[in-house]
Amino acid sequence: MDKTIRILTSYVIGLILIFGFYVVIYGHILPGEGFDGGMLIASAFILCMIVYGRDEAKKRVNISSALVVSAIAGLLLIVVGFLGLIGIRDGHQFFLDNFLPQGDPHYLFSGGIVPVLNVLLGVLVGFGFYALFGYLVVWRGERGTDAEP
Amino acid sequence: MLILLFPLLPIISALCLIILERFDEDSGDYLSSATAFVLFAMAVTIIFTLNGGVVVYHLGGWGSPLGVDLVLDGFSALFLVVINLVGFVSMLYSIEYMKKFTAKAKFYILHLFLIAGLNGIVLSGDIFNFYVFMEIVAFASYALIAFGVEQLDLEASIRYQVLGTVGSFFVLLGIGILYSVTGTLDLADMSRFISQTGINRAILFAVPLLLFGFALKAALVPFHAWLPDAHPTAPTPVSAMLSGVVIKVCSIYGIVRIFFGVTGVSPTLLQILLYAGLISIFFGAFSALRQTDFKRLLAYSSISQIGYIMLGIGTGTPLGYAGAMFHILNHATFKSLFFIVAGAVEHSTGERNITKLGGLSDKMPVTFLSSLSASFSLGGVPPFGGFFSKLLIILGLFKAGYLTVGLLVVLSAVFTLAYFLKIQRNVFLRLPTSHFPLPTIKEVPVLMRVSMLILAIICLGLGLAFPWILKAIVEPAVAVLTNGCKYGSLILGL
Amino acid sequence: MSILIYLFSILLFLIGLYCIVSKENLLKIVIGIKIMGYGVSLFFILLGWRRDSSAPIIIKDMAQNFVDPLPQALIPAIMVISLAATILMLATCVRLYEKYGTFDISKIKELKG
Amino acid sequence: MFAILLVSILIFVLIMAALAVQIRDLMSSVMALAGVGFGLAIVFLFLSAPEVMTAQLVLEVITYVIMISVVYKTSKLDKTRKYSVREISPAAAMFFFAVVFIIFSIRGIKDLPIFGEPLMRASSLQIAQTISEIGATNIVTAILLDFRAWNTLMEAFVIIVMIVGVTVILRKKGRKVER
């Protein structure tokens, strides 16, 4: 990609990441959701991969280890679910039970486990689609994707 | 709480496998078969402890219309046993068989997700959750069919993907209409609302949409185009799971749970199921007679056996239901056993064309023994399970007054026996015809033999222990079908 | 008026179905599946709309009548599933293109029916 | 006024969908598909569904980037025959199926609740309990991540299955010995 795009993307990526984190963290107050926030974060990395090429992006986030990070996020989601099962909140022994305090509704620390699940979902979707993009789009003909570690 | 582990345990071990695979490539053999064995053991304990009861688990502590519930009753307990039995055996079989393929760990990850999706379908008490689990099963089976990345596998996978996604969108449209008319997504709440307010024309529009989607997943005759290509080209443990379990769970479970339980079954719907089943029995049997490829013949016979189950459900009498339920159990065991036998023959001889094979009975005794028990059970020879399920279906037909259809079914039993004797004669009994290196063939490795023997014993056991199995597994499943629309008030009572 | 609005989503669904049935190019079939996914999600949103009511976000001192939030909670699920279906199909199409050199179904028909 | 705008955008969406199907050049038919997607995002905004609009926009951008890269890598032109025999017979069957489908759907839609008044039995309970039981103000996220958290958890695993599936399909060599 020629010079102008490289310089412009170095500015734009910061904005996209900020917006992505905003959508993920404030998901339970304003319209935004784990899926969208994670995809926004992934699209920031994908833009960096397209413009600066794959090896540059790989230096920052390794593609096949991104899938491992999303698997760890999935396991954490299940662990949060099991925490509800243990019954930290008195008398409520249910899977995915809302055991964190609710806080006051219109501010950041509210809604029990909803923000926690939101952030974990955003991490899962973000790193997952980054790994997907690393495999699918930068796939080069016969050599396939086995070339990279 | 035990029900919760059925979908979650394979997902947890699959996620651990994704992490484990990073460090050592060929890991996961024993982790995945251990999970599959634990699931099978849990399914069997459920059969003993449940005996006719209904277990409801409210996830997140919310009540019925608010949150998502997991519902376990007699009918889903039957399917749990089928899924986890075939899952465990095919996992055991794949330890040896998958050495031919690269990226073995990814096979285990997808296979565990397939079992998790199937367990999730059978336990979900929420119609949209049922659809999401159906998608997990669909995506896992698309990738598993295209596992050996060659022209045939990719083509079979793309054909199955297109038809499977179209079927899913039709089911989704039906779910949208059901939600809009009843206001809730919970099956029990929906069934109670519909039994109170009666059927209006919107539900009559939703029923054919759902039936179209389920018939496409079950490969009934007009929509069977994908099955004869998808099952033979898939790796053997996957095709054993696909034709033994996936086409049953995705379609028949959905038909019984949504049509019998929620919207109520009209006689015309039963007639459609009956005649669709009859046509696919004869279509499957005739085209199976012409096939020369071992696995393709088995795929066509799957179409005809699914026709038997649809026929059993279509009779509308408790006898027909019992025959259909028992045939689900039987067909899962002997069809996956036959696919495993076909895989073993291909594993040791490398040849899938029946006309070229021959004289394997003395070289591969265990494979020959298990294929005997499978073909006797399928053909309907008395001591084996297949005989009793066909008998019940035919009795159900006569009781429901379909005399001509009953005679046709008896005739079709002769056809099924014909094409399985053809396999026995060509593959095992006769002397090899052409340039076949008979002396170099040796028996398949130990683990494949063990899995074949397990299924062969169960095929025989289903026949011998028929009265106990009828009382313990089939009766509660039939009770779910017969009391139909009372499903809602039954579940909400808990 | 209400029938006309629902008919739009059913028409979108049928356009996608037509594209799948009649087009020979694999990528056109993927586009057809995407259009069917859009048709179904439009149908779900139309089910959930309520006359003169606001978006389902509770603002401190606003009126309390909301649009039906449940279909809106299902749409991300449907979109993710149709997205996953299209991406899996695109991956298979890329591999098929590498093997056959073309997206034309009539040339790919090596498997007999 | 609201109805006129909504219907006009829906007509725009239908035209773009028809274009996406009929255009022979693949790159411009993907662009027409993008038109459908963005038109739908505006429709979702009109039907007061902001959450769904952001989801639609973000998920679309990713699919179109992937679609364009696939088209760019392979063939840019749809070289199939213009009006082949294969296209006429299914088109006729499809036309007949479409007519029957529309007739049945009109009969069915008459009994759906009228466009403006949804039957909100479960969701009215959920709206009432969002503030008191959960404390989140965005009801859709509260439904997604607390009332129906099990469903969204399984959605996340659909994504993981899809990604593992793509890595399986795109790997270089499937079998150790070519069949």
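The letters A, B, C and D name the chains in turn, as written, and every chain counts its residues from 1.
Note that contacts are C-beta pairs under 8 Å (C-beta built on N, C-alpha and C of every residue); 3 or more make two chains touch, one makes a residue touch a chain.
Given the structure is predicted, the values throughout are model-derived calculations rather than measurements.
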Could you name all chains that are in contact with chain B and with chain D at the same time?
A, C
If you average the CA atoms of chain A and of chain D, how many Å lie between those two points?
22
Which whole number of Å gives the spacing of the CA centres of chain B and chain C?
28
As a quick test, compute the distance in whole Å between the mean CA positions of chain A and chain C.
24
Computed distance of Cα centres, chain B from chain A, in Å
36
Would you pick out the residues of chain B that each touch at least 2 other chains?
11, 15, 18, 59-60, 128, 132, 135, 139, 142-143, 146, 149-150, 154, 157, 180, 185
If you look at chain A, which of its residues touch at least two other chains?
30-31, 33, 35-36, 67, 71, 74, 78, 95-96, 98, 105-106, 132, 136, 139, 142
Residue ranges of chain D touching at least 2 other chains are 50-51, 55, 59, 62, 66, 70, 73, 105, 109-110, 112, 118, 120, 122-123, 126, 131, 137-138, 140, 144, 146, 148-152, 155, 157-162, 164-167, 169-173
When you draw the chains as points and link the ones that touch, which shape shows up: line, ring, star, complete, or other?
complete
So, in the complex, the side of chain D touching chain A is made of residues 50-51, 54-55, 58-59, 61-62, 65-66, 69-70, 73, 131, 133-138, 140-142, 144-146, 149-150, 152-153, 155-157, 159-160, 162-164, 166-167, 170-173
What does chain B use to touch chain C in their complex?
128, 132, 135, 139, 142-143, 146, 149-152, 154-159, 161-162, 165-166, 168-169, 172-173, 176, 179-180, 185, 225, 228-229
Note which residues of chain C are touching chain A in the complex, please.
55, 57-58, 60, 76, 80, 87, 90-91, 94, 98
Write out the stretch or stretches of chain C touching chain B in their complex.
13, 17, 20, 26, 29, 33, 36-37, 39-40, 43-44, 47, 70-71, 74, 77-78, 81-82, 84-85, 88-89, 92-93, 95-96, 99-100, 108, 110-111, 113
Spell out the residues on chain A that touch chain C in their complex, using ranges where they run on.
30-31, 33, 35-36, 105-106, 132, 136, 139, 141-142
